[in-house]
Amino acid sequence: MKLKVRFETPIGVPVEAELEPEEDLYQVLRERGQAGWTAVRLRYQGIALPLACEECFDWRLLGASVVERDGFVEAVVIGGAEYKRRDLAERRGLPRVIKYSRGARDGDPAPLVEGSGQDRYVTLVRFVGAGPCPPELCRRDRSDRPGG
Amino acid sequence: MKLKVRFETPIGVPVEAELEPEEDLYQVLRERGQAGWTAVRLRYQGIALPLACEECFDWRLLGASVVERDGFVEAVVIGGAEYKRRDLAERRGLPRVIKYSRGARDGDPAPLVEGSGQDRYVTLVRFVGAGPCPPELCRRDRSDRPGG
Amino acid sequence: MKLKVRFETPIGVPVEAELEPEEDLYQVLRERGQAGWTAVRLRYQGIALPLACEECFDWRLLGASVVERDGFVEAVVIGGAEYKRRDLAERRGLPRVIKYSRGARDGDPAPLVEGSGQDRYVTLVRFVGAGPCPPELCRRDRSDRPGG
Amino acid sequence: MKLKVRFETPIGVPVEAELEPEEDLYQVLRERGQAGWTAVRLRYQGIALPLACEECFDWRLLGASVVERDGFVEAVVIGGAEYKRRDLAERRGLPRVIKYSRGARDGDPAPLVEGSGQDRYVTLVRFVGAGPCPPELCRRDRSDRPGG
Amino acid sequence: MKLKVRFETPIGVPVEAELEPEEDLYQVLRERGQAGWTAVRLRYQGIALPLACEECFDWRLLGASVVERDGFVEAVVIGGAEYKRRDLAERRGLPRVIKYSRGARDGDPAPLVEGSGQDRYVTLVRFVGAGPCPPELCRRDRSDRPGG
């Protein structure tokens, strides 16, 4: 099976990459993501990953650059849009969720927009629920950290 | 003839897979579907399959995970959206239909939305009509059951 | 020149097929169409074919199954949608047209919808005008007839 | 570099063609265009070509058939839609333009529609401005003329 | 890894190019861009590049032709649309931005349109922020300048 990924490059030119058999999908996403190439598509309510992923997630997989403060990834930036960290505590039976989202813009496709009235937003990723984080989604070590 | 399938991966990155000649389409859909890769596209009124498929359908083909209760697949989940089982008895000449559907959201594309007013919904699959279930769509055996 | 066709399969999974040099496009469309794979895209006013094609057209090319009565293809079905035969006689200088169409649905893309008010519809194929039917679009013989 | 082109065929089935290294893009467009395969996408205000192209343009490149009168291409037809010739003389500092356009339909995508009120239209090609016509866009000789 | 780029050609026919291993992405963009082939997709607020790129950016990468005056690229043209240079000085803590934008048209996709009321526009590129310009985005030398 040959895999292909369609990237948006920093100069706005989409490029499709066809992987060689010996190339690893996640490694390619990491390397290209570091150069600002992104292949992620936004989803309603964001990409759902286990809460455990929040501490180790490698944002380069999404072509995102990160803004860190006090050891947290405070925000991530893709294609000039900034998604901010929001930590929603457990309440009324709903589990804790950590989301990275941004305010909605007039032109955002309706299927992506959550909320209503003044509080309309678009979510990139939500970390929620039990289970371990798949190792291929994690940074490998401290020297592998974004921004470090 | 070489076949290609375009998957959505759990991290929101679409990946196209080109099958090798010896690879079987349905087996690839099963394996990737188990890892949460989905290639299904929603259709108006849902994908139509014979009623006989309802008992054996392998939901991994659609990249869906299942919620079972009392031996029934009570609901299936794709990309965080939950489609619930509805069993509509035969009436007024209309045949029995078992559907898996969810409430419509504001942003759902109009061509996919059924119903009206408060009762608007989107159907993933409908099992309806005579005829056997094609074997390639069925789970192979008990140990092959989702969740089991 | 290598040719590729993008099919919708009966389980809602799009699959792209790349033909081998020795494979014939129309034969592939026929074989896959018989299994319910369809590659057709709807067009405003329908696909235009010569009137002569109406008697021999091989609907499997479009992945359609047919409902026959009295030797006519009364209706054709693609992806659960039924397109009915309409025979519009010559009048006011307009030539005879035989169309296969269905009533419009709320969510149909505007560019596909004809008519107005209560009489809004979508056309799959219209047979109209002079000229022979290209042989590659015809059923080969009686035993090759759909449903027979 | 390998080139690929996506055609619409006369039976409404899109087909992608991957050219062999020895095949010429424009020759392939001509040959397939003669059989009614079209790869053109409409653009706002039409495809812009130098005025000099109007006399020699090979409409087969766009999969168009032509209606000639008095030595002019009076109209061209793609997928059943007829685009008529309009010759707009130079005025108020605007250069002469020869356009092939059709009246807008209710369902035309907004980005393609020009004009307003009753005079709304869609342009296929506009010939305007100085400069020679690139030879690869021209008919080769009289026997190469469409319709002749 | 094999790379593919999808161009719009001057005759409105999209063509996908698959690069050979020895071909350089940026060199291909330059060569095709010089012939008017463009692969760029518009983005909300435009493609973001460091301010340092403004002096050396090679517009051929986007398939744009340029209008120069007094040593500045006063405007760039892609597919008949002209994007004009606007130099917004630093103010209220916002950094200096040089943009190439055009007035919005009725049919522009909502996600691309900025501003409101009479002042609605679409941005192709914005040069803003610190950092060097990546060499692969720059013209190589004076003889390599567009229009020269």
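Letters A, B, C, D and E mark the chains in the order given here, with residues in each chain numbered from 1 onward.
Everything that follows uses one rule, which is that a residue touches a chain if its C-beta (ideal position, glycine included) is under 8 Å from a C-beta of that chain, and two chains touch if they have at least 3 such contacts.
Note that this is a predicted model, so its numbers are computed, not measured.
Think of each touching pair as a link: the shortest run of links from chain A to chain E has 1 of them. Centre-to-centre separation between chain B and chain D, using Cα means, comes to 43 Å. Spacing of chain D relative to chain E, judged by their CA centroids, is 27 angstrom. The set of chain D residues touching two or more other chains comprises 109. Order of chains round the closed ring, starting at chain A and going on to chain E, comes out as A, E, D, C, B.
Across the complex, chain E meets chain A through its residues 1-6, 25, 29, 39-45, 47-49, 61-62, 109-113, 137. Those residues of chain C whose C-beta lies close enough to touch chain B in the complex are 8, 10-20, 23, 28, 79-81, 105-109.
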